[in-house]
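To start, the structure itself, in structure tokens.
When the chains are written out, they are named A, B and C in that same order, and each has its own residue count from 1.
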Amino acid sequence: MTMDTNKKLAVFIASAIVLAVLPFVVGNTLGNSWVRTIDFALLYVMLALGLNIVVGFAGLLDLGFIAFYAVGAYTFALLGSPHFDIHLPFYISIPLGAGLAAMFGLLLGTPVLKLKGDYLAIVTLGFGEIVRIFMNNLNAPVNITNGPQGINLIDPIQVGGVSLGKAIEVFGFSLNPVHMYYYVFLFLTVVVVIMVYRLQHSRIGRAWVAMREDSIAAAAMGLNIRNIKLLAFALGALSGGVAGGLFATFQGFISPESFGLLESIMILAMVVLGGMGHIPGVILGAVVLTIAPEVLRDVIGPLQMHTFGKMIVDPENARMLLFGAAMVIMMLVRPEGMWPSKRRAAEFKDAKKG
Amino acid sequence: MDIFLQQILNGLVLGSIYALIALGYTMVYGIMGLINFAHGEVVMFGAMVTITVVTTLMNAGVALPGPMLVLIGLLVAIPACMLLGYTIERVAYRPLRNAPKLAPLITAIGLSIVLQQVAILIWGRNYIPFPAILDHETIEIFGATITKLQLGIVALCLLLMIGLLVVVEKTKLGRAMRATSQNPAVASLMGVNVNTIISATFVMGSALGAIAGVMVATNYDQAHYYMGFMIGLKAFTAAVLGGIGNLGGAVAGGILLGIIESLGAGYIGDLTGGFLGSHYQDIFAFAVLIVVLIFRPSGLLGEKMADRA
Amino acid sequence: MSEVLLKIEGINKRFGGLHALSNVSLHINKGEIYGLIGPNGAGKTTMFNVLTGLYTPDEGSFTFDGNDLFRAPPHVVVKTGIARTFQNIRLFHEMTALENVMVGRHIRSSANALGAVLRNKSTRDEEAAIEAKAWELLRYVGIDDVAYERAKNLSYGHQRRLEIARALATEPKLLALDEPAAGMNPSETESLKALMEKIRDGGVTVLLIEHDVKLMMGLCDRIAVLDYGKKIAEGVPEVVRKDPKVIEAYLGVAHE
């Protein structure tokens, strides 16, 4: 065994331990609301990695990605809530939602195959809006989505008779839902990470990069551009669908409001700010963009009280202001993202020179 | 009352506002090839500043006729928005001119968020009513009604569009703009200051946006920090529909989109046997866009792009 | 008698009002180096794009190795056995030389997304075979020493060779080269010529567009001459060289 693999093993074991105890450390020091934030960070990691397949690997700008999240979430909610009084177990409704989301991916992908760049961006954006508008309005004349009120009392995940929706005692430890969901999310996040990593380093991943770099040359090498694009849309949507289902059961409540354009943009920002196409970068982007606004929420109010003795700027307002400004500054300072792949970093360096 | 004609008229009013905003998107896109996502916010600022000026004047007891007050408001809002447009370009786009396309898209989105939050700081989160100083007197045309104000909006839009076309086609500045949009490198070799041209484009687009913002506010009697978002989205859709980068296309796309939306909202209930109601109005813009782009991937009046081997 | 590999008849291609190819017929025999020449704008590149599926012809027929390829999309054309390079070199610039060639193996491999995710034995074996084949081809064209260099950092001559290796990775029966010698100095051209002969002797038929008439005359087994979208001559170099129509349209100008 070389030093290098030893070192890798050490890093792996260390991060496994950190990830395993993280919810308890955070829960006991900062409170369970922060564990909840970490759970959301994991959901966003899955979403961002899904979008990264489309935008980062295949180079297709998608501004309606949240639609697939919505499809996964509504599938779970409709099949596991008092709304239709159907209560399918999660191991059926999550794959079902993921599959349905992938089908929506193909549905979106097929008509837009010939579109490029900004045209593709605006059509995907329109697609996302259409999905949202339907969810908002499909409560009449037949009530399918319950309209703007959304769907409530969504079933929690049940594993072997244990509901993750209620706190349980294990060996004297009190396990809250946020802790239990953490491990479920962590497991699935790891699955998604392995999935996208292997895809990237495969014949398919190479085909995506080839198409992104020069679609004409790629076609001349015999790549079936249509299938490669559709595969990217479908696989990206698949992870979006999984995350959506998890979101629904975790939150216990969903409404169309959670699936607006701003959410799509947020996920895109995670991908781009993190480092497009680079899996560790995208994970970082998702984590930072989920945690940072929450930190700001906690810091801004008290900080103002402390310095000025009163609230000068509404904390919510200040939080979004700083967030927007950070996006701008980050892109100006590091357009390649916080943690780009070497390949991308080189591309940007050349672009600057040129 | 003739519903069909009424919907067409409503669509025309809405559509000419879309067109005016779409011009801002399409001009920038034509020259720089990027979506100025913050343009909707310029429109919103135009409306907000005008309302503030008008309200302040009224509170100060200035007794002028309504249109006069709005005009003064506009005379403040237009330069303010021009300055805003200029700043947006300098801050968020110019440093990234050679960066890949997604980078300016993200700065634009970030800037949009910042501008909305600044608007909240200044004007708050609530809807702000447009002071009731304008005449909403209606005229009847073949059984359909339109307010004089709306008629004025359409007329002013037409005038501004013609004015813009004259500037682009007939003036030295316009020639330089067209040259830059075709090939910035060559244009700069020919002595065109590309930076100045790009700034001018943003400034002109923002002026149109400011006026459009006031039109929206007067037409709906209110303004809101978030109003730029949807209207910007629709206008951008209109620009793409017509063929982005093409001025005539933006106008055609805007008016077409307005009419389609308005007809769609009026008739969707009948068409679907009551299954879908008028709250699906927003779907039309996007549905039409998708359908058009499937058959004409570069928009209605966009030039056909051929892959060069 | 040699066997016909590719045959087109009555091919027409118009761009708006421009009649880029009018009624062109030609055939390429198995195992030969076939040259396509003509003055600028004669329709050589258009012809080339039609033969490789990038352009769909308006009328005519196109058969290759017993398959009908009329209006077939590029991936079908490549699968049937025609691979190409580009006049202005279109490599995947940010990929390494090795990866570029590996992309060329795409059509001759089959692992799907599920296989890629599961990384089962057959996928791993296939991936190893792809890499081995790519190394072999890099050695074949003589650039295996730069396998891990990004394509855009390679020298011009190496880029040309890489493009040929990438095309060969698709296992073509016909290799179509669009002005491979453009921008090369005489010694590079000479070694490129040797490579093309090596490829032909290895059993791959070669179709060549070139400006360098001298190179073509010395290298090609047969030549077709295009002028204003029409074929004006076809045959062995010695005969084509003396064809008065060719001299008038092309060689005459070149010799002035």
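Throughout what follows, contacts are C-beta pairs under 8 Å (C-beta built on N, C-alpha and C of every residue); 3 or more make two chains touch, one makes a residue touch a chain.
Chain-to-protein mapping (UniProt): A, C = ABC transporter ATP-binding protein; B = Branched-chain amino acid ABC transporter permease.
What you are looking at is a predicted structure, and each value in this text was computed from that prediction instead of being measured.
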Contact-count maximum falls on chain pair A-B
Looking at CA centres, what chain is most distant from chain C? B
Quick check for you: compute each chain's CA centroid and the global CA centroid, then name the chain with the smallest gap between them. A
Report the inter-centroid distance (CA atoms only) between chain A and chain C in whole Å. 44
Rounded to the nearest whole Å, what is the centre-to-centre distance of chain B and chain C, using the mean of the C-alpha atoms as each centre? 49
Averaging only over C-alpha atoms, locate the centres of chain A and chain B and give their separation in whole Å. 32
When you check chain C against every other chain, which residues touch at least two of them? 54, 86
Would you please write down the residue numbers of chain A that are in contact with two or more other chains? 216, 220, 347
Residue list for chain B, restricted to those that touch at least two other chains: 307, 309
Where on chain A does chain B make contact in their complex? 55, 61, 111-112, 114-119, 121-123, 125-127, 129-130, 133-134, 136-137, 140-141, 216, 220, 261, 265, 268-269, 272-273, 276, 313-314, 317, 320-321, 323-328, 331-332, 335, 347-348, 351-352, 354
Applying the document's contact rule, which stretches of chain A touch chain C when the two form their complex? 194-195, 198-199, 202-207, 209-210, 213-214, 216-225, 231, 235, 343, 346-347, 350
Which stretch or stretches of chain C touch chain A in the complex? 52-54, 73-75, 77-79, 83-84, 86, 90-95, 99, 102-107, 109, 111-113, 115-117, 119, 123, 126-127, 130, 150, 152, 166-167, 170
Show which residues of chain B lie in contact with chain A when the two form their complex. 29, 35, 91-92, 95-96, 98-107, 109-114, 116-118, 120-121, 229, 233, 236-237, 240, 244, 274-277, 279-280, 282-283, 285-287, 289-290, 293-294, 297-299, 305, 307, 309
